[in-house]
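Every chain is named by a letter (A, B, C and D) in the order it is written, and numbering of its residues begins at 1.
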């Protein structure tokens, strides 16, 4: 199915060495994409523009932003935790979009997919900072998704949780029997979503077959959130 | 990507001559599936079991159930409209699942995808009967999706609206300038979702790449509902 | 606050001896309402019209419909369970609304509140029949809520779960230590919502203070569903 | 109903001269509360702690945070707009909660209600900055609501839109016939929610009658969002 291939598509992937980065490179390239896999920090306000400037033509931005999730209790959330989390996960989004928008408009097409978190859709203990930042991502993607839809520019967001990745579910966590019990109890799927399953869904959303989705939130979390 | 092919999969498609039926046959077969395209009415309580009985091995059921949507005002919803709508859209679901479940269990795998409606997620005027029936579908799929997840049986539901199809958006509707205005005003995408786009998403969900989704609701409606 | 009183309001309450019935009578009357507490079965298609006919003027209908929730596995859901559940929980809704609508319109005001279930919003095992019926209620209320909003007729629905009531959480369930553990593990509130808390929210929604809500779903489930 | 009174409750209200501030003072005091109506900016990181320090005992915090909503197109969202919006709407939340938490815990009870926006739940054009900040509020409230529920500390959030208030719907907007048309077309209620209706719902949620709600999002937007 030609609409499923990513042949000829240039995909800019951020934080490519963290979170879903490595598996995304593998799966997106296997489906034909040219992946510009960037590993720079995007905290500097000018970094996104510089990144886009050196990336060459970009058809799709996969905003894969990650930090080790703070697990502070409410009373222990400090100013640095808060500002660092937003600086890493939230602030780069409008800068990335602004930077890439001119070429999207010139081409009359473009896509941004945000690798977000279902922690923004369902409350959990000791994740308030992280959830807040992920909530900003989702609401932002819904708004810009609606705003840009008529220009053939599609912005959508994946809301994932319980997906196998080294940033949030490293081996040390997975090996913990209590974590495995929690997985069986709380996640209908009864296992982590495989990194590859998540990446293939990303590949699908990057393909032309998925050009009908705009401003939409897709949970990928083994049924932990159902919509 | 081998996980995306439907080679070797036998997909039972109901009401195959209505709603998304024709395009589903085309797209699913193009991706390698064998489609058992049934066109019988499923209103008779025994029809689903008979259908499954004669279908041979079935890996996936695509429950594509449709009737012309009644557009009665609340005060004009009659007993026949109500019972006919539930008989066509809702009652066949548990019967289909019961009928196919033994072979799913024997094989340790199986999938059902319900072609549902976003009318169940967002209220509209003059659709109360239809919305109620579609709401039953969604809540049912969420429940059985959770119940069967551990057996490698995945039940999910597409909540579509503003998708091009002859049952709900025939040419006569699409040609109406007021409908086109409504589309531009109410649907972020600004156009109908193409039948083929919807069918390709179905194909994706039927593929092994999507084995991580259970009990989930996927809006396909041009951003009219965002999650 | 005069908008909070129910003085002078005549509230028709169905299945008044089951589910939230008894506590609703107590709380609604304490806030000044005249409660027409009906205990008849509404399964006969003509029963809602007869009920409204003999009730006299009705300002608000509280559609409190309940049956002992079947807890069959998917494969054990029988035809009778299915049809009985829909006959008890779903089919009376449009009949009740049709019956009361003429006097609502004559008066230029009216309200219906459906006592629904959060089981329609989040899947659980062995509740497929019940969830489906409750899902029909919610989608129906969203649709008619939108349709009738401009006529000052408000239809809304409470999506409750883990609320103390004899129909779904009888003493035998509450005394079970495993149930108490489940409550602590799955329900953020850590306890059942008190019957009186639920009833007071109903009283609030019945009051003129809440005339701004239309077609809306209100979870009342101790945070088990957050919206 | 004694649970509905706010007698004896000390409510700290922020930005009391903006957004829902004035009507909240009126309605909360009319129901018996002592309102500590603060009008200071909370942008200084130390401001929330100072505010709580001088407020005396506080039973409930109503986090009414507002700024004139920027209506920039995506390409015009500047660094200052972005950082100002988060500084005003988002960053004060964890600081307020941290400041008030010790006395909540000492008392074994406490409440925070965030006056948030439905713009975080449904995308709109030219609101990306504002929506993102409001999305952070909602996800944060869901997370801390779950975390603190067992301590009898309830955090919930109202997601409002189309509520009459001078910050977002000043007379100049309301007088615009195009706005009135939009209201009739897009908002099922067909009118703005009255300021007083919103404030009464806040009063309800502040009362002991509503002690069963934790981490929950309540849309108040005339049916524009249904849950």
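The rule we apply is simple: a residue touches a chain if its C-beta (ideal position, glycine included) is under 8 Å from a C-beta of that chain, and two chains touch if they have at least 3 such contacts.
Please read these numbers as outputs of a predicted model, since none were measured by experiment.
In summary, the chains found to touch both subunit A and subunit D are B, C.
Interface comparison, B-D versus B-C: the higher count of C-beta contacts falls to B-C.
If you average the CA atoms of subunit B and of subunit D, the two centres end up 39 Å from each other. One finds 29 Å separating the Cα centroids of subunit B and subunit C.
Contact of a single residue of subunit B with at least two other chains is seen at positions 121-123, 142, 145-146, 188, 215, 223, 226. Listing the residues of subunit D that touch subunit B in their complex gives 122-123, 185, 188, 223, 226. Across the complex, subunit D meets subunit A through its residues 45, 73-75, 77, 79, 82, 86, 90-91, 93-94, 97-98, 101, 119-129, 131-140, 142-148, 215. Here subunit A touches subunit B in the complex through residues 1, 3-4, 27, 30-31, 121, 142, 145-146, 149-150, 159, 188-190, 193-194, 196-198, 200-201, 203-204, 209-220, 222-223, 226-227, going by the rule given at the top.
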